[in-house]
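Look for chain A in each of the two complexes below; its partner is chain B in the first and chain C in the second.
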Partner chain A sequence: MTALSTTDIVLSSDTATRTRIVSEGRRRWLRFSANKFAFLGAIFCVLLVLAAVLAPWIAPYPYDKVDYSNIFAPPGTAGHLLGTDNLGRDVLSRLLFSLRTALMIAFAAELAALVLALAIGLAAGYLGGRVDQLLMAGTDIMFAFPSYLFAVILVTVLGRSDGAVIIAIAVGSWVNQARLIRAQVIKMKVQEYVEAGRAMGASSPTLVLRYILPGAWGPMLVATSFGIPAAIMAESGLALLGLGVAPPTPSWGTMIIEGYGQLFNAPYLILAPLILFALTMLAFTWVGDGLRDAFDVNNDGHA
Partner chain B sequence: MALLTFLARRIARLVISLLIVSMLAFGLLQLAPGTFAGIQAVGGGSTGLANQQTSGNNSALVQAYGENVPIPVQYWNWLSHAVVGDFGPSYKYPQSDVTEIIAQALPVTASLAFFAMVLALAIAIPVGVISAVRRGTWIDNSLMFVSTLGVAIPNYLMAIILVLVFSVGLHALPTGGWTGPQSMIMPVIALGAGMAGVFARYVRSSVLEVLDEEYVVAARARGGTPRAVLLRHVLRSAIMPLVTVAGPAFAGLIAGTLFVEQIFGIPGLGQYFTQAAIGRDMPLMMGCTVVFAAILMAMNVIVDLVYAAIDPRTRAGLGLSHETKRKAAVA
Partner chain C sequence: MAMPEPRRVPVPASGTDDRPVLEVRDLTVTFLPPKRRPITVVDGLSLDLHAGRAHALVGESGSGKSVSMRALMGLLPQARVTGSATLRGDAVGDAELVGMPASSMRSVRGARIGMIFQNAMDAMNPTLTVETQLCEPLLWHGLCDREEASRRAVEALRAVGIPEPERRVKMYPFQLSGGMRQRVMIAMATIVKPEIVIADEPTTALDVTVQLQILDLLNDLKKQGMAIVMITHDLGVARYFCDDISVLYSGQIVEQGTIDEVLDGPLHPYTEGLRGSVLELGDDSPLHTIPGQPPDPSAAPRGCRFAPRCPLVEDRCLQPQPLIQVGDRTARCWKATDRG
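Right, the complex of A and B next:
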C-alpha cells in the first residue's frame, strides 16, 4: 500500500531466497492451497468452466426451446429440474448457456485487455520519457472516464453483438492492468540481472520479453484474476440494462431482469440465476484473493 | 500560493480531460446509426407534443447537426452550447431539454451516492478496526467473510436480494419508485454494501500495519489505554489509505447508480443515461456522459487535496511543497 509494505515484501522475499528449500512456484502453490476459500473457489471455478464448455451436451434442452403448453412449471417438475419460464423455456438449460455466455465473454475480454495492457504497459515502462508521458496521459483520461459509461456508449455504437460486448468490457478494464505492468517494468528494468543482460548485448525486445516480462507475470495474473469476475459482472450488468448480448443469446442479466418481472408469481425464476451468479462471483473473488496473497501483490487499483 | 498553483494546474488538466472525453464520446456517437439531428424524427416524433416541437426546432437542428455538416463543426456547435449549460433538446423526453433533465436527475443520484458513501464508511471503519484488533479470531474471520461477500456480490444482485427479502418476503418496503425517504433505503444499502466490503478490507490491513509501528508501541508503553491508543494513534493513519481508494470507489458508485436506478425505477442520472443509450438519444447521452465525467474528475481533485491535507509527505509528491521543482505538466 505504502512504502512500508513494499519494504516488507522485499525483506520477506530476500529471506526466502536466502533460505530457499522449495522453489518459488511450489511455495506459491503451497500458500495458495493452504487458503481453504481460495482452494474451494478454484475447484468451483474449474467446475464452472467445464459446465460452460459442455453446456451444449449437458443441458437438457436448447436454451431457446419454447413450450407454450408448459409455462411457469415450478422447480422439480419432471423433465425441468429448475422449472420453466413464461415461455416454457427450461430454466436449467438457460442457466447453463448463460454461464457459457458469461465466461466466454469475460475470458475473451480479459485476454484482449491483457494484450492491450501489455503492449501499452511494457512500452510506457520500458521506453519511458515522452512515450511514457503520452501513454500515461491517455490512461489517465481513461481512468477518469467511468468504464461503464464508455461500455454503454460502445455498445450503442457497435450494436449488441458478442464482439461489441467483449470490446466494450475490454476497453473498460485494460487501464488498471497497464498501470500495474508499467509500474512493475519500471521496478524490474533497473534490476542487476537486466543490466547484465543489457551489458551482454541483448536487444530491447529480448530484454523486455525474456528478462522483464517473466518477472511481471505475477501481478498480471492477479490483476487478470480480479478482472474476470469484474467482466462477468459487466456482461450481466449490460444485459440487465438491455445493452448486453442480443437475445436469443441467454445471459444471467437477461434472466434476472425477466425474472424480476415475475417476482411475485414465480420468484424461482430469479432465484436460480441469482444464486449461481453470486456463487460464481464469490468463487472467482476467493481465487483472486488467494492468488494475491500467494504472490504478495498489493492490488491497490482494484475497488 | 503553492496550493493555488496546484489547484490551477489540476483544474486545467480536468478541463482538458473533459474536452477529450466529450470529443471521444461525440466522435463515437457519430458512428452509431442515426445522427444528432435525424434521430428526432424517428425517436421523439411519435408523440404529438414532440411533433410540434420537431417542426419548430428541426431546421435549427439540421443546420447545426445535419448530415452535410462536418463532424468537427457539429462538435463545435455542440460544445459552444454546452459550455454555457445548454445541452440541447432531448429526443426521448421531448417535454424537456437535456439541461432540465440533468438538473432534476442529478440531485437524486447525488443523494443516493452520498448516503451510500456515508453508510459504507459507517460500516467499514468499525468492522475493519475490530477485525484487525481481533486478528485471527472467529470475529475477524466472520467479519472478513461477510466483507468478501460484499466485495464479490454485484450491487444489482444485492438490490434484488433486498427486494426479495423486504418487498416479496416481508412486504415492508415498496419494490421501487421515488416517493420519499423509504424509497431510498434499499438503493442506498445496495450501493453501499459492496463499498463497505472494499473499505473494510482496506481499513483492516492498514490498521494491522499501523498496530506494529513503533509510535503505537510507544504510546502503549507510556500507559495509554487500548481505546485511547486506538482512537488517537491508530485510527488516524488507518483511515488515510481509504482516501486513495475513494476515487476508484466513487467511479464504482457512479457505475452502480446505472444498475440500481434501473432496478428500482429511480429517476436519476444513471437511469436517464441508460434510457438515452437504448433510445439513441444522443444529446441526452452526451449531457449525462459529460456531467458524470466532470463529477468523477472533480472528485479525484478533491481526493488529492484531502490527501495532501492529512498527509504532509504527499504534498511534495503533488508539487505542493516549496522545495519541489516540477517537471513540465503532462497536459
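Right, the complex of A and C next:
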C-alpha cells in the first residue's frame, strides 16, 4: 500500500466523487458495515433472531421433555449436544427456548417503551410550555426511581406472566427514550423546513409525524438498539430472583440459577446459558455502537 | 449591483377594482420572553398589497421585515400580534388575519398566502421527495386527488423551468443544485396558486446569474396577478423587480412609496444612507456607510429611532416621530415636507 499507482489514485478519486453524491441512508450503511464488530454483531443478531423464531422447529426436543433415565448427561452425548440437566431435559433445546423468551420479552418491552416514549416525548417536545413541564416532571420522577426495583414490585403485584414481565421492563426503560425524543423534537421543530411546512398549510400532526419525527429516527434507533440488551438483562435478572416468566417456560435467568446448584457437579449447566447470554449481549451492544457511529449520535443519544 | 433595465408593471388601469389584496394596518408584533420585559419588534406597520404588483420590504437585519410577514401568516404563536390585516376575498368575503383562529389560519397559509424561503436547502424537508412536497399542499387543502396532484407537480416543475421534470420530481432535495432547489421552492409556494407570495430574500443565497433567472420567474408570477412581497436588503434587486417599497428601521416604516420615487428622491435620511451604501459597477465614487448601529429593540429611543445615527439630527428629532404624508408617499421625518 506504500506505492499507489496512478490508476489507484484515479480510481479512488472516482470513488470519492461517487460517495459524495450517495444518499445519507447509503452513507450510514457504508459507515455501519465498515465497522467489523458491528457487522459481525449484526450477523450474529440475525442468526439469534432466526434461531429464536424457529426454536420450536429446530430444537431437538421440547423444552420441558423430562427423561429421568438420562439425567446429567455430559455435553457431546449422542442426541444431547450440550447434555441434559437434573431432570434429563435437553440443554440445547432449553437454551434455544430461553433465547426465544429473552428476545420476545425484550422486543415487546422495547416496542411498548418506544410507543410510550414517543407519545410523551413528542407531546412534551412539540407542545412545550406547561405540557412539557408536567410531562417532564413525571418523567424525572420515574428517572429518579430505581427501575429494577419498580419492575420487581410490578411483577410481584401483577403476577409472573409474560405480559407482566414485559410491562415491568417497559416501564423501566421508556424514560430515557422519552427524554431523548423530546430533546430531538425540540431541536427539529425550529428547523426552517418545519416552518416552511407550516407555511404551506401543514397541520400539527402532519408536521410532527412527517417533518419532525423522521429527524429523530436515528437517535431513537440507536437508543432502542441499546435498550434491547438492557431489556434482556432485566428479563434474566428478574428470572434470577424467581420473578421472571413462569416455569416451565425456560429463561436464561432460571437456567443460570438452576445451574448454580450443580456448579461443581455439572458446570456446563451454568456455562451454556452464561456464554450464550454474554454473546447475545455483546452482539446487540456492538450493533448499537455501530448504529451510533453511523448516525453520528453521541453517547447520550443526541445527534 | 448592476441590473439590466427594470421592467415595470403598469399600475392597474383605473376602472378595474384596485382594492388591495391585503390591507395591513398598524401591525404590531411583541415578543413576550418569560420573566423579561416585552420587546416590540414591529411597531405600527401599515401597507397595501395589490394584485400583480411587488412590494419590497427593505431594511437591515433585525428591522422587522421577516418577523412582520411571519406574524401575518400566524407563524409566530409565541408573539403578541395586534393591528389588522384584511385579506380581500371577493367570493368568500374579507378575512381578518390578525387573531384568526389557528384552524382557519391553516387554510390561509399555503392556499392564499405562499412563502418562499431564503435558503431552499434548509426549507425543504430532506426526508421527502420533491413530488411529495409539491403534492402535499394540494392534498392538505383538498384541492385535488393524488393522481391529479402528481400531474400538477410535474407541471409546476416545468413552469419554473426545470428540465426533465418527470425525472426530477422523484428526487430528494439533496440531489438538486442550489438554483434548482430555489426553483422547486418557488414551485412549492405557488402550486396552490395563492393570491399573495411572500419571498423572504429569495435570491440572497444564489449566484448572480441564477438570481436573475429566479427574479424572472417571480416576474412571471407577478404577471399572472399574484401580489408579491419581496423581503430583501438588496436595493438593486428591489429596484429591478418591485413596484412599491417600504423601508423599515428598528421595527418601524421610515419611508413608503413607489420604488422609483423613493429610490430616486428619498425623503428619509436612512433611505438616502441605504442608497448611498449600494455598490455599483463602474462607479468609483466612495461607498458610504451609515455610522453606528440600529438600536436594541428593547431600548429604542423615544424620539426618532434613527436620530442617533442621523447626519441631520436636530432637537425636535428627540420627540416621537409620526409618519408624514408627502403626496402619495409617507416618511417618518420632520424634514420630509421640506425635501418633498
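Of note:
Basically, the second predicted complex is superposed on the first by the 280 of 303 C-alpha atoms of A that agree within 3 Å, B and C clash if a C-alpha of one lies under 4 Å from a C-alpha of the other, contacts with A are read in each partner's own complex, and residues count from 1 in each chain.
Please note the rule applied: a residue touches a chain if its C-beta (ideal position, glycine included) is under 8 Å from a C-beta of that chain, and two chains touch if they have at least 3 such contacts.
Fair warning: this is a prediction, and the values are worked out from it, not measured in the lab.
Superposition note: with chain A as the common reference, chain B and chain C can be accommodated side by side.
Contacts of A:149 after superposition on the shared chain: chain B is touched, whereas chain C is not. Contacts of A:197 after superposition on the shared chain: chain C is touched, whereas chain B is not. In the superposed model, more residues of chain A are touched by B than by the other of chain B and chain C. In the superposed model, A:264 makes contact with chain B only, not with chain C.
Contact with neither chain B nor chain C is seen for A:43 once the two complexes are overlaid on the shared chain. In the superposition on chain A, A:30 makes contact with neither chain B nor chain C.
By the document's definition of touching, neither partner reaches A:54: not chain B, not chain C. Touch criterion met: A:210 reaches chain C, while chain B stays clear of it. The minimum CA-CA separation between chain B and chain C in the overlaid arrangement is 7 Å, rounded to the whole angstrom. Overlap of the chain B and chain C interfaces on chain A comprises no residues.
Interface of chain B with chain A (complex): residues 17, 20-21, 24-25, 28-29, 31-32, 148-149, 151-154, 156-157, 160-161, 163-164, 167-168, 175, 198, 205-206, 209, 241, 244-245, 248-249, 251-252, 254-255, 258-259, 262-263, 273-274, 277-278, 280, 285, 288-289, 292-293, 296-297, 300, 330-331.
Residue ranges of chain A in contact with chain C, taken from their complex: 21, 23-24, 191-193, 195-203, 206, 210-211, 214-215. Touching chain A in their complex are the following residues of chain C: 70, 73, 75, 106-111, 114-115, 117, 119, 122-128, 136-137, 140-141, 172, 174-175, 188-189, 192. The touching residues of chain A, when paired with chain B in their complex, are 1-2, 4-5, 37, 133, 136-137, 140-141, 144-149, 152-157, 229, 233, 236-237, 240-243, 256, 260, 263-264, 267, 270-271, 274, 277-278, 281-282, 284-286, 289, 300-303.
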